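Across the two complexes that follow, chain A remains constant while its partner is chain B and subsequently chain C.
Moving on to the complex of A and B:
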């Protein structure tokens, strides 16, 4: 249990079963996921390092993960361009961003 | 010999252009397809065929001799044949004497003259300005490069100009030279197809410099908005921006939370994109509030539609509602809507009668009322009705209302429930009614904003000092009467806790003949500023002292001394405070760890500043700003 909370990577699962494995620090860009994975919360997500996001489809979650890494990559840089978001996805992504608190 | 051959080839390639070009011209002119365009390429004596008589006539009329053209061609063809024969001969010789160096061939007088001409041309080129310029560009190379350079330029000169015909260097095909024709590996021109292939295979143009960030203009725009936070923008904000950009393709927002809707409305309003069509996206029956910051493109019908589709509305915040008329208010009253917060900018077509009816009907339920830009309606009498009927009103903002004055202030002083009060009247008012407002309402007020009360005097701040106990926000602007001493006394021994928002912009003496001001300082000057920061320094978040130009350098030094800290101060506007210099700026950055935005228009002593990360410095002129050791391009 201790080792899994220390694990460097976490798994995010979409409602249609796609799994995305990414660094813990990137995933924690999202406030919601950060609180899910907080070891002191004793949520099952924190114990297993696996978050099932029932309300996000694979397509949306993929873009969300892309943003997590984009955010981490451009941390502390000045004048960062906005990440490109496909127009057809942006409303869904907007809801996801609201839910994930990013 | 080889060099000689090349020169000759060049000659044949360069000279016939006049001829072939002319043929091309003739073909285009007369559609004479029988003209043998390829004849020139053929070895031997294939002459030019075609209906020469008509053409010759035409040419003769234009002072061109067809015979001369043909003679020239014949001569070149013969020469090419002779050259080919010579080469063959030489090749045969070479077979016999493999090791022996080829002996220089005697030159014919014709070639000699050509060589001489070329030499002359090269000499001429060497004297030209262009040559000098190119040579200057190639610094550091030995002098004897002159010949190479001149040779290059000579070849360039001989190259066909756009519009003429040339033979492709690679495939040998005949093609029309365009400005886009590429140069082949040996210096000749390439046809369109070969040009494409050549660039694909060969070197690509210098890689375009891509800035890692946004364009300069966007960066500056962000900075002017006071946004200098490092890192990527949040995904939510990115998506909202994207949705706003593609608003015409959106059919429905779906279950967007009200906060997101509000942000979208702000962006669309700023882009002036709120139209009848986009308005529909915001009309959701279950929502209780509607904020549209630009209704300039909406019609009276649209306001009816808003009220009809959103019966649960309690908060109606519409700006630039020029098309709003009495009917809309009447409809609102007929529907018995539960409006609690009414914020309207410029509903000028609504009559005073209708306003009074509205207050009579909705007054008791109104909690906040904000009105801007009313010039033809809303007079003192209406304000009196408002003061009597709005018994629960907590927030009142009246800005740029032309028809109200002293009487309105007197009426408002009876509205004991008010907690937030904001005035910017266009009429000049006497100091006394305002004092009455402060003394009656002061104890309950959380925020007080008094803009452009130009006749207000020291008694105003004394009343604030005596009556206000709960203020969080205080704004007094554009006044040249209140003395610095009174301002200082306001903050000394004031039982009000520390303020969070302070705006004293434009509190200064204005006298062109005496820029230093009277000996007894007027406005917010050194003493008042020190007292203000002593009183509110611990909690102050936003401070605006624009144009308070009597604050001295010493006062700044005292306020931003090494041991002072303003942990909450985020936004500071010290524009047109001339004494501020580089030293004061560094002191400010040291004392305000939370600072994100500082406005310094007109502070001309700021020349060279190290700016902490995440702080937007707005309004420097010709100053050197350094963030993390990297010089920034400045705004303006």
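Moving on to the complex of A and C:
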């Protein structure tokens, strides 16, 4: 699995088993995930490129991933429109953001 | 899901996210702490970051973050004390411990051993540090959530910072041996210093290793606040390093001075600077660079530069004499490091300039009797005819040589200045000042320089390209810049120029004009005014001669063969008449009695000239003229040999006398003098060239001797022989410009002084007319600034002039304190 360390894509897994594959750079919008995947620390996530996030449900993680991509797409722009967030997910997303240091 | 039905209701976060696991702090911690140990033992790959992170996250959510913080800290402390400390202290061999207490000589004996031990220790320390850093960064990552909440909320330093402080306390500051006071830090310090010492002594050391250790010190701080200035590197290592370096370079400076070679000194110091620069960049830290270089500057350079510059036999003097550009450049660079003005260097350069200059000065005033001009000059001189061998001419040669030597010296120093001193402004002006100093110590500098121009304009520029001539003149002008008494130079220049013009000795009028324009640029309009007027007279005279010829051609009767006349009418105020005519007491010399033919010509011209310009007075300067005569010599065998003689006007007058003397008869000196009225001095000179000089012996003198006595008799030499048809008979020491003898010199000085009085007085009057009232000091400084471009007067001279003007009621003393003057209109 040595090659996956350098792989451009990483896999995020929710607690209920959903897998999201997204570019490493997008995933690293999150401070926590960035540290998790830091190649200099030899944690298992860094080696396999697969992060199992026991704290997050599939629904939330999907929204989180959407945000990652949205954030990366617009990172150099000003006055970007807010992302549409369903009201019922608000609190859980807040918790996730805190957890992921995003 | 139930919540799906009420879409707009905010769903509560699922608290029970981790409910499947225990909420027991101790249980979670024990898992964590085990994992931390795993991280330290490099088994992190078996761990899940997410799991550890989640554990820490949960503990913080349990409000037990504080406990976690303390526990992690304790855990780290335990690890450092238990494991790392032992590894590090074990790596310190006895050699290193002992080395602390031994003196230098013993150290050298064991240097290899100590070096090996030191390297081992440094390597172990480096590895321990790197492991600690890596592990702590991993642990900090895992504990990030805790750091974010606890450190911020409770104003505590990040766990990473704390752990770094722990490393400092429990690894670096521990005792090496239970029974000694020595800490790991001390050993580290001395080991690194030892490594530096080895490198300075020329050994190869493992730079990266040392660099890692100093980097470690740079990464550690005295306090958890991590201020820049409290880096351990700066607080502990650097002072020790600088102290050791000071000692080292003090000794090095002494050692280098003992070697006693300035060039070597400079080379080694330059090398040392380069080394320390390199060391700071690759082995220690950039932070130290400026400090160690400053230390080098003060210890090695500042303290020693004076001595080095003056080192006997190898110092700056030696370098200058042997044109050692590289060494000079080094010494310049070194001096520039410590002193913007480069005082030490410029002082010794100036000293050398003045020394060399004084030698040149001394060489130029060797008494004529003892002169031994350099051989090549001798060879050159002998070509110029025998008259050149006379002492006075030798002096002239010396004068020109003087200028040449100075120019050569100037070139040499210019070269040094460009190549070694990086065209440094300060040094340039100081070198220039030195040149000016020694040039002006030679009282005859103005005269010599003018002679130099004379020589070059007469023959020096033949066969040279325009640019060469230009460069030559520029060189001379450069020297003119140094000369303070420019008015004296002007006097001599005018005198020499008038000879060149009247005797048509100038090689190129273009060069003359070029010279004038250069002088104008250098010293201003006023300076060249009179010289330019001389040129104007010359052109006007040419026209005049031409129109007179026309006039003669029209009016003269065809039978009578007219004598060709070429005349120069000169404005007496512009030309240095008194100098040309050699008059002693300033009286106009009585003109000689011209023979009939010449007298007629003279009167004819006077009529012609006064017709055109009435009211002018013409004074004939026979001493300045020349004439072409066709002379017939009746050989004893009856043949007649003709020669064309080019002689001075006086000689012509003398020769015409002999037209009326029958063959075999002679005239005495006194007879000649009474009949011609030629001034005694000129007569002697002309007779000398006619009767004594071997190649031009048109007259025979009895008794034969080298000197012309008033009792001598002269007769016409019908056996005169020459290989040429045209013979030039120069007047002995008449035609050539040469160094003045003492009398002439006194004369010139006297005239000069009078002229200066006038210049100063007119300056004073000019200033006072404008300013009406001035204090004494102001007036003196104004006068000085006005006339300093011509010469530098003494203040006492100005004072005397002021008094004289007061006596003559131009000025009025209006106040005594401070002394003030009024202009009297």
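Please note the rule applied: the second predicted complex is superposed on the first by the 100 of 102 C-alpha atoms of A that agree within 3 Å, B and C clash if a C-alpha of one lies under 4 Å from a C-alpha of the other, contacts with A are read in each partner's own complex, and residues count from 1 in each chain.
Keep in mind that, in the parts below, contacts are C-beta pairs under 8 Å (C-beta built on N, C-alpha and C of every residue); 3 or more make two chains touch, one makes a residue touch a chain.
Nothing here was measured: the structure is a model prediction, and the numbers come from that model.
Of the two partner chains placed around the shared chain by superposition, chain B is the only one that A:76 touches, whereas chain C remains out of contact. Once chain A of one complex is fitted onto chain A of the other, the partner contacts of A:67 are limited to chain B, with no touch recorded for chain C. Of the two partner chains placed by the overlay, neither chain B nor chain C lies in contact with A:7. Looking at the shared chain after the overlay, A:95 reaches both chain B and chain C.
Of the two partner chains placed around the shared chain by superposition, chain C is the only one that A:47 touches, whereas chain B remains out of contact. After overlaying the two complexes on the shared chain, residue contacts for A:36 are found with chain C alone; chain B is out of touch. Contact with both chain B and chain C is seen for A:87 once the two complexes are overlaid on the shared chain.
According to the touch criterion, the shared surface of chain A, contacted by chain B in one complex and chain C in the other, consists of residues 87, 90-91, 94-95.
Across the complex, chain A meets chain C through its residues 15, 31-32, 35-36, 38, 40-47, 51-55, 57, 86-92, 94-95, 99, 101. Against chain B, the residues of chain A that register as touching in their complex are 64, 67, 70-71, 74-83, 85, 87, 90-91, 93-98, 100, 102.
Considering their complex, residues 212-214, 219, 222, 228, 230-236, 238-243, 245-246, 249-250, 253-257, 260, 613, 627 of chain B touch chain A.
If you check the complex, the residues on chain C that touch chain A are 3, 7-14, 17-18, 42, 44-54, 57, 134, 137-138, 141-142, 144-145, 148.
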